[in-house]
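So, here's a batch of structures to check.
Each of the next two complexes has chain A plus one more chain, namely chain B in the first and chain C in the second.
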Partner chain A sequence: MSAGSAQPYREPAILLTPGLLFLLLAFFFPALQLLAQSFLTFGTEPARFTLEHYAKAAVDDFYAGVGVRTFRLAMIITALCLLIGFPLAVIITRVGPALRTVLIVLIILPLMTSVVIRTFGWLVILGPGGVLSWTLQQLGVIDRGISLMHTEAGIVIAMVQVLLPFLVLTTLGSLGQIPPSLEEAARVMGAGFFRGIFHVTLPLAVPGLASGSLLVFALSISSFITPTLVGGVRLQVMAGSIYQQMTGSFDWGFGAALSMILLLSTLLLIVPYMVITSRIGGRK
Partner chain B sequence: MIASTPRLVPFATAMFLLAMGVFMLLPLLVVIASSLSSSSFLVFPPPGLSLQWYGEILGSQAYIEAGWTSLKLALATVVLALTLGTPAAIALSRFRFRGQATIAALFLSPLILPSLIFAIGLLIVFSRYATGPSFLGLVIGHTVITIPYVIRTVSANLADLDPHLDEAARIMGARWWQRYALVILPQCRTGMAAGAFFAFNISFDDAVIALFMRAPNVETLPMRIYSTLEFSPDPSVAAVSTIMILMTIVLVVMLNRIFGLSKIV
Partner chain C sequence: MTGGNNQEKDISRMKPSSKLLSMFGAVALAAVATHGAAAQETLTINSFGGAYEKLHRDLVITPFEEMYDVKVEVVTAYSGDTLAQLRAQKDSPRFDVAHFSGGLEHAAAAEGLLSPIKPGELSNYDQMYPFAVAGIEKGVGPTYSTAVIGLLYNTEQIKEQPTSWNAIADPAFQNNVLLTDAASNTYGLLGFLMINKVAGGTLDDIEPGLDFVKGILPTSTVVSKSPEIQQNFAQGNAWIAPYAQDYAYTLTKAGLPVKFVQPEEGGVLAPITVNLVAGTDKRDLALKFIDFSIRAEASKGWAEGLRYTPTNKTVELSDEVASQVVFGEDEVAKLVTFDANEIAKKRAGWNEAWSRAIAK
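Presenting the complex of A and B:
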């Protein structure tokens, strides 16, 4: 194409420069500032290098508890999303076009609705005198009103609904590349329905499931709106503590250090996970 | 002979889909239902129906102002994200050059970094090098997180179209501005429209960057909803949320019309 013209690099360079400069200044520079802030004293002038923020995070039992809760919840949420999301994605690839559109809207419409609004819905459902409590009472399952507000179960239920679309959409991308003839072949050769799913479709969907669950895990660790509103102050998660440090107690150095710990621990979990799933995905 | 599918499977599938439908849509439905309640408390079931909460928010200075701020913010974000993202998408999908994969990854990296982390960095930068968080800061933050969507939609759109049209125009002696005005940009139209809808939706709905970049006198609708939920949720929040849900439905329908939902997936 344009490689033949006299100055092959000039045109793409002109097209790319404004966007690259903008991202450099407005995205990469702030990310580096955050990293720097976590190693600098805050409030004193001039700022000096310090490790005190990381030390504070390491010795404080409260933040260790918050960290453990954050990762435990993220693992449960990711596992549930996988458990529900994989069958849902498989069904979407196999139904007729009309039902397929309905199901995709079912996934996209909540995804495109503000997290604040979806969380509000869950507050009305899970709260005292809410929809869940009322329904269970009508069914005679419970005789006194219940509330899942300020419980980890409540956080998990709401977060799975918020994050499930990400897993389903990434898995659909990977399922779409599997020729349907593969499972048909397995079935013709005598494999049963479940064998066809678990020995043919599932292994081929591993790349999509892996990237989808990583996305869900990372998003769940860095969410604070749903966990804070459903869980309240007693069940704090890391992102919620960070929000409080940055906007409430104004301890920015400590907030920045907590953010870096959150980011690094996510990476530490992601790398081995990717190695394992790429091995499974590579086994044919 | 093919072993038959167990008879329970269609039944189990139907039940599963029904449960999923309830699970995914219930949070939106209860918000809509609460907005029509005649009670001033969020109780279920609502004692009666009323449109009073819509009257309430339309008469509320704070909600109207937040609505305007959100609208201006989303429109500014759309303009900026299209202006910066479209040329980059054209360069990435119509040219071959060294370092292309790296540059493409750079442009998509705001999707990978959690927006919480980015929001904190932005807050630090605006407090240190400017006069603190501001409306402009929100526009910049939202532009960063929406540029990847513009690049994706425009690139997907260009991949479906004939690159030789531009080459033909070049050979026939078209000047650069003629090529862009008459060939390339018209080709990008659908992708730009889809990117604009995504950018508008993301900016209008964002609470994460907005809550960190909280500036005095700048309040968007999601910020207002969040702080109301923290203290005293009442049906007027449900009315605002219902209006936002209806806007989202309109956006999803339009996206499906111009782009096809199956393409997003």
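Presenting the complex of A and C:
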């Protein structure tokens, strides 16, 4: 690649520039601004350095509770997406081209609708007097109307639906690179269908599953619309709390501190996860 | 004028063809002249967009343009955006007249962004309820119409009209009480402050209100956005909810059996104000616009179109409309005002306390 080139980095650098510029402008600049804001007093007098926002977040068990809920939900959502998404992706790679197209379209179709619309769909299904409650009542499972609105179970169900396509699509990419002969070899050597998938396909799909689940995890940690609409105001998550601080209480300093804590703790979880999965996946 | 007359005489002496030509010229000149005048007399205001802005145009803006032969430029901007713009453009404001809801006019007036108005400067001043013009000499413009927070209830489930704010704690309505988030919704906050007042609290002490809410929380639903209120009434989950009278009308129009009532302890005022921007170079025209905004006809139109309570005492309403809004001197006298400056000062702390109180 670098043979004969005096400046081996020049061409890649040029190709990377638009993306880097965008990242700089749309992520690093606002993130740094938030970082600065989280250490500054906010008000009419000139801003000065302070640790009060972090101190408040640290001693306050209310926000600790919100943080724990956010991460717990994100983990459950990611696990469920893996559990549903991996078999689905395997099936999609195995079926004929026509059915595959249909399945992929079915997976992608929800992404064509705004997340707000999809979430409102869930409100109709999960809400009191909604489809779910009605069906269970008609079947005689329950005698009194129920609602999954404003429950964590409701948030998980709606979020899994919203985020599943991300996992399935990234996993499909990984599965597509596995030569079918490998699994055929396993079957020839006497492994059953599930054993073949478990011992051959699954380990080889780890890179795709890893990036897919990271994507799902990151999106669910930071998601705001679905948890707010389905979970309601009494089940706060971090993103909702930050939004509330910024736009409701106008406490930008504290909101910025919460944002930084969210970013940092996400990185603390994601980096080891990436290291572990890349070892399993056989990458360096 | 004399120039025009000479021109006419000149035209009469001309040949038909050149007569025609100069007539074209005169028309063109006249067009330029009126256009020039319109460009000089442009009043810039904000409105809130959507159905509100449409009615605003019908009731005030278009008739005003016709009456005074001026142009009104309408910028769609909510109160928060408008305040931000006034702050940023302090030295040469873009707006001549600013409309606010949610109490931000008090902050703007305190910062000197709005200009005081003398009672004598408004011909309709004497027609207004005192609360609607109480702040004009301090820069808080007249309240041209007002939302009112009271109780919305389902008339099919609740046969007897509730009379008190305490109805939301009535065991008969258990599991069917709908509260609105006080931290993210201004109407929700005003409703909560009234609940707090009825429970014995003040703006300095919201504990009684929080305790009251905590007491009914296990058998209530809390929502944050108005569409959720509609959804809960439509699905039969909500029978009674503290919220705004104009929203009750939205639900009625959607075919829901919902009625608004002002409880005996009083409903809460959520004024919508029209304010004179400090430093505008069109003070006279802006004052005319403000005066035009508070005339009875406009005040009546807001009640008929969106069910806001008229703030002009001389307004007469049909029985149907009058039954759906707080109307008449006796009813209006019951309305409660919470100090917008106090609210602005304490809101962050309240938001925090409220969020904790309702958190699961």
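Assume the second predicted complex is superposed on the first by the 252 of 284 C-alpha atoms of A that agree within 3 Å, B and C clash if a C-alpha of one lies under 4 Å from a C-alpha of the other, contacts with A are read in each partner's own complex, and residues count from 1 in each chain.
As a convention for this text, a contact is a pair of C-beta atoms (placed from the backbone, for glycine too) under 8 Å apart; a residue touches a chain by one contact, two chains touch by 3 or more.
Source: prediction; values computed, not measured.
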Does the chain A-based superposition show chain B and chain C clashing or fitting?
clash
Can you tell me whether chain B or chain C touches more residues on chain A?
B
Let me test your reading of the model: by the given contact rule, A:98 touches which partner, first (chain B), second (chain C), both or neither?
neither
Check whether A:59 is in contact with chain B, with chain C, with both or with neither, and answer first, second, both or neither.
neither
Quick one: is A:275 in contact with chain B, with chain C, with both, or with neither? Answer first, second, both or neither.
neither
Could you look at A:123 and tell me whether it touches chain B, chain C, both or neither (first, second, both, neither)?
both
Scan A:236 for contacts with chain B and chain C and give back first, second, both or neither.
second
Which partner does A:19 contact after superposing on A: first (chain B), second (chain C), both, neither?
first
Does the superposition put A:139 against chain B (first), chain C (second), both, or neither?
neither
Between chain B (first) and chain C (second), which, if any, makes contact with A:147: first, second, both or neither?
second
Would you find which stretch of chain C runs into chain B in the superposed arrangement, from 7-15, 151-159, 223-231 or 313-321?
223-231
Is there a shared patch on chain A that both chain B and chain C touch, and which residues make it up?
123, 127, 129-130, 247
Chain A residues within the chain B interface of the complex
1-3, 5, 8-9, 11-12, 14-16, 18-20, 22-23, 26-27, 29-34, 37, 84, 87-88, 91, 100-101, 103-110, 112-125, 127, 129-131, 134, 158, 161, 164, 169, 172-173, 176, 187-188, 190-194, 218-219, 221-225, 229, 239, 242-243, 246-247, 252, 255-256, 259, 262-263, 266
Chain B - residues contacting chain A, complex
1-3, 5-6, 9, 13, 16-17, 20-21, 23-31, 34, 42-45, 83-85, 87-88, 90-92, 94-97, 103, 106-107, 109-110, 113-118, 120-125, 128, 140-141, 143-144, 147, 163, 166-167, 170, 176, 201, 204-208, 211-212, 214, 222, 225-226, 229-230, 233, 237-238, 241, 244-245, 248-249, 251-252, 256, 261-262, 264-265
Within their complex, state which residues of chain C touch chain A.
181, 183-184, 221-224, 228, 231-232, 235-237, 347-348, 351-352, 355-356, 358-360
Parts of chain A lying in touch with chain C, wherever the complex brings them together:
62, 65-66, 123, 127-130, 147, 150, 228, 232-236, 244, 247-251
